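Both complexes shown next keep subunit A, but they swap its partner, so subunit B is in the first and subunit C is in the second.
And now, the complex of A and B:
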């Protein structure tokens, strides 16, 4: 889901930077009010977890690959705004040091994976785990569902962003200037592979870590806001 | 043991296991992620390289492109796995330092 340089036209890239700027600003303002100094190590661990879990490319035999983002987990433990900051840092490091995701696409990639994904996941988790005790298995299931839905909404949007490019930018004879695939190909491809495979990876990873924390450190689950 | 210590250990295990993210796709002959093809692959897929894409795709040259040391791309899976692990260490170190700095600036001292 890391859109590289060259797949989105300049206008799309600019719009997503413009959308993300106020989100990043709001995230810093809100995290400043809510994040406690002793939660900072957990935020760093969350960002590191997101970074490394994205390196676990899962193959579709003979086809493409994909991976979990780990961002819904961070949102569950520290809230969506803190998660947004943590995932943004992981994505920027990936783009700058490893060329994973484009520099011009940082706005779009952060919108998908550092904004839509943690916020969607967080509210799904809140809704399903409403009133559940810290150790309840409904909480683990909520985490899995949140992971699945969070990454799928993000992947769908990435598909839309890819798919709009041939409409927005093409030469006089109809050749695309950026992503050559339109909505009819990009959206089913991105949405389909995440609905079928990668969404389940995010679901399992999120649910397993929440289950582990329920057993080993229920206070972390409680502090995540019940 | 503190829970954060346990989680750091978990991260270290993930770093060591990270080459699975390289070896499994290789084993199952899976290619690039959708929409993350290089220009050669694009040309094979659609018959031409979109002009804007060609220009922008070389905009940034990352120090460790695709988690592989420069010049090691063709040196086989063991070395690629090694550079993958080093990349994970480098990437996580950078990520953690930046988040700790942001946390230091933002987080409330009184607790």
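And now, the complex of A and C:
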């Protein structure tokens, strides 16, 4: 899901930075307004948590392991705007210090994983768990569905971003300058693996974490969602 | 991504290699080489120019020259070339190389025939557009990844995050970045210790369903611990004078060498842009 440098053309990278700029500004303003002073470290902790979730190896049938992104989980725990900041910080640290995800692609990666993923997931979770009590099993189901839908929407958009490159950037004789696969290949490839495998990893992890928190620390679920 | 291995062992190895790599990176950042001696702000700005240039270039030869420059800078900064090549090629460029292979063929990239491979009577046509497109794609990825990695291993991580101020990143973000960076290490240690404890108690053979529950329980527990940590961290910040507004200490100093480097990179950037434009005509 992390788009590296060199996959997207300069125009696409620029457009996504331009799209994310007002989102980051709005997120800072909203979080500053709603966040109590004593919750400031929570953003940094949330960012580190977002970073670390991606390091967990989740076992899947067949003896393999996969990774969850955890964006929806962070949105359920912190609220979508705070999650947007936390995931952005995690993505910047990954790109800048660990070479995971491109520096020029930070705008696009943040759009997919720090905006679309947490917001889609958060509102799906809110819609399904509407009026449910903190210990209701509907919240666990809502979290699973939100994780699955959130990651799939984000993956579909990443596929579209890849697939647009041969159309947008090519030489006169049709040679691709960036990602060489068009929409017909990039979108099914990205969407397929997430619909069949990674979406389920995300759903299982998100649902089970919410279930454990409901059982062991219900106040975290009640206080979440700034 | 899918990995065919035991998740407990893999989690321990992942956390360990993360911590080990960070120690290596710090070791390189402390060496007395060319890039280590530069002001982190100027270095970050110039490396951003290099990466932008790597994205803009459309000529494979100019891109290869930029990659050669990156390798030369690594050598001048006393980075072991073997370590650097291994660090940069694994994982993204190798993955890119792998996914670029089908793009060579006419099935995915129609165009002029460059070569024909006879595979058990089945003819595979490599097109000129497919070959040069894939080559340019992989070279572009490795060049930009190499510059990004070179920047991160020749700069102390904490300084690199502070250097973001020159890009007008708000102080609150810089503060959160710095704090987040420290917590990542704390969390990595927690993961490593937890999985080592799990390994010693339940072994490595765990059914995947139980494995998923173990992972989810660990993530939930990590969040619970982190959430409770917030209060202590806030009190520690208050005791150090935090009054609601972050203050970042200004301790960077530029020298003539930094300005000379900046001048060199700007001239190079302009030169490459000119060459790129000329190559297109």
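Keep this in mind: the second predicted complex is superposed on the first by the 204 of 226 C-alpha atoms of A that agree within 3 Å, B and C clash if a C-alpha of one lies under 4 Å from a C-alpha of the other, contacts with A are read in each partner's own complex, and residues count from 1 in each chain.
The working rule: a residue touches a chain if its C-beta (ideal position, glycine included) is under 8 Å from a C-beta of that chain, and two chains touch if they have at least 3 such contacts.
It should be emphasised that the depicted structure is a prediction, and the values quoted were computed from it without experimental measurement.
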item: Partner chain(s) touched by A:87 [first = subunit B, second = subunit C, both, neither]; value: neither
item: Which of subunit B and subunit C A:117 touches, first, second, both or neither; value: neither
item: Touched partner set for A:187, first subunit B, second subunit C, both or neither; value: neither
item: Touching partner for A:3 - first (subunit B), second (subunit C), both, neither; value: first
item: First, second, both or neither for A:149, with subunit B first and subunit C second; value: neither
item: First, second, both or neither for A:208, with subunit B first and subunit C second; value: second
item: Partner chain in contact with A:162 - subunit B first, subunit C second, else both or neither; value: first
item: First, second, both or neither for A:35, with subunit B first and subunit C second; value: first
item: Which superposed partner A:72 touches (first subunit B, second subunit C, both, neither); value: neither
item: Subunit C-contacting residues of subunit A that also contact subunit B; value: 4-7, 9, 28, 32, 37-45, 47-49, 51-53, 55-61, 63-67, 85, 89-90, 93, 95-99, 102-104, 171, 175-181, 213, 216-217, 220
item: Sites on subunit A touched by subunit C in the complex; value: 4-7, 9-10, 13, 28, 32, 37-49, 51-53, 55-61, 63-67, 70, 73, 77, 85, 89-90, 92-93, 95-99, 102-104, 171, 173-181, 185, 197, 204-205, 208-209, 211-213, 216-217, 220
item: Touching residues on subunit B, where the partner in the complex is subunit A; value: 3-4, 6-8, 11, 14-15, 17-18, 20-22, 24-25, 27-36, 42, 45-46, 48, 50-57, 59-67, 84, 87-88, 90-92, 94-96, 98-100, 102-104, 106-109, 111
item: Subunit C to subunit A touching residues, read off their complex; value: 1-7, 10-11, 14-15, 18, 48, 51-52, 54-56, 58, 88, 92, 96, 100, 103, 108-112, 128-130, 132-134, 136-137, 140-141, 143-145, 148-149, 151-152, 157, 160-161, 170, 172-173, 175-184, 186-188, 191, 206, 208, 211-213, 215-224, 226-227, 229-231, 233-234, 237, 244
item: Contact set on subunit A toward subunit B in their complex; value: 1-7, 9, 28, 31-33, 35-45, 47-49, 51-53, 55-67, 85-86, 89-90, 93-100, 102-104, 158, 162, 169, 171, 175-181, 186, 189-190, 193, 213, 216-217, 220
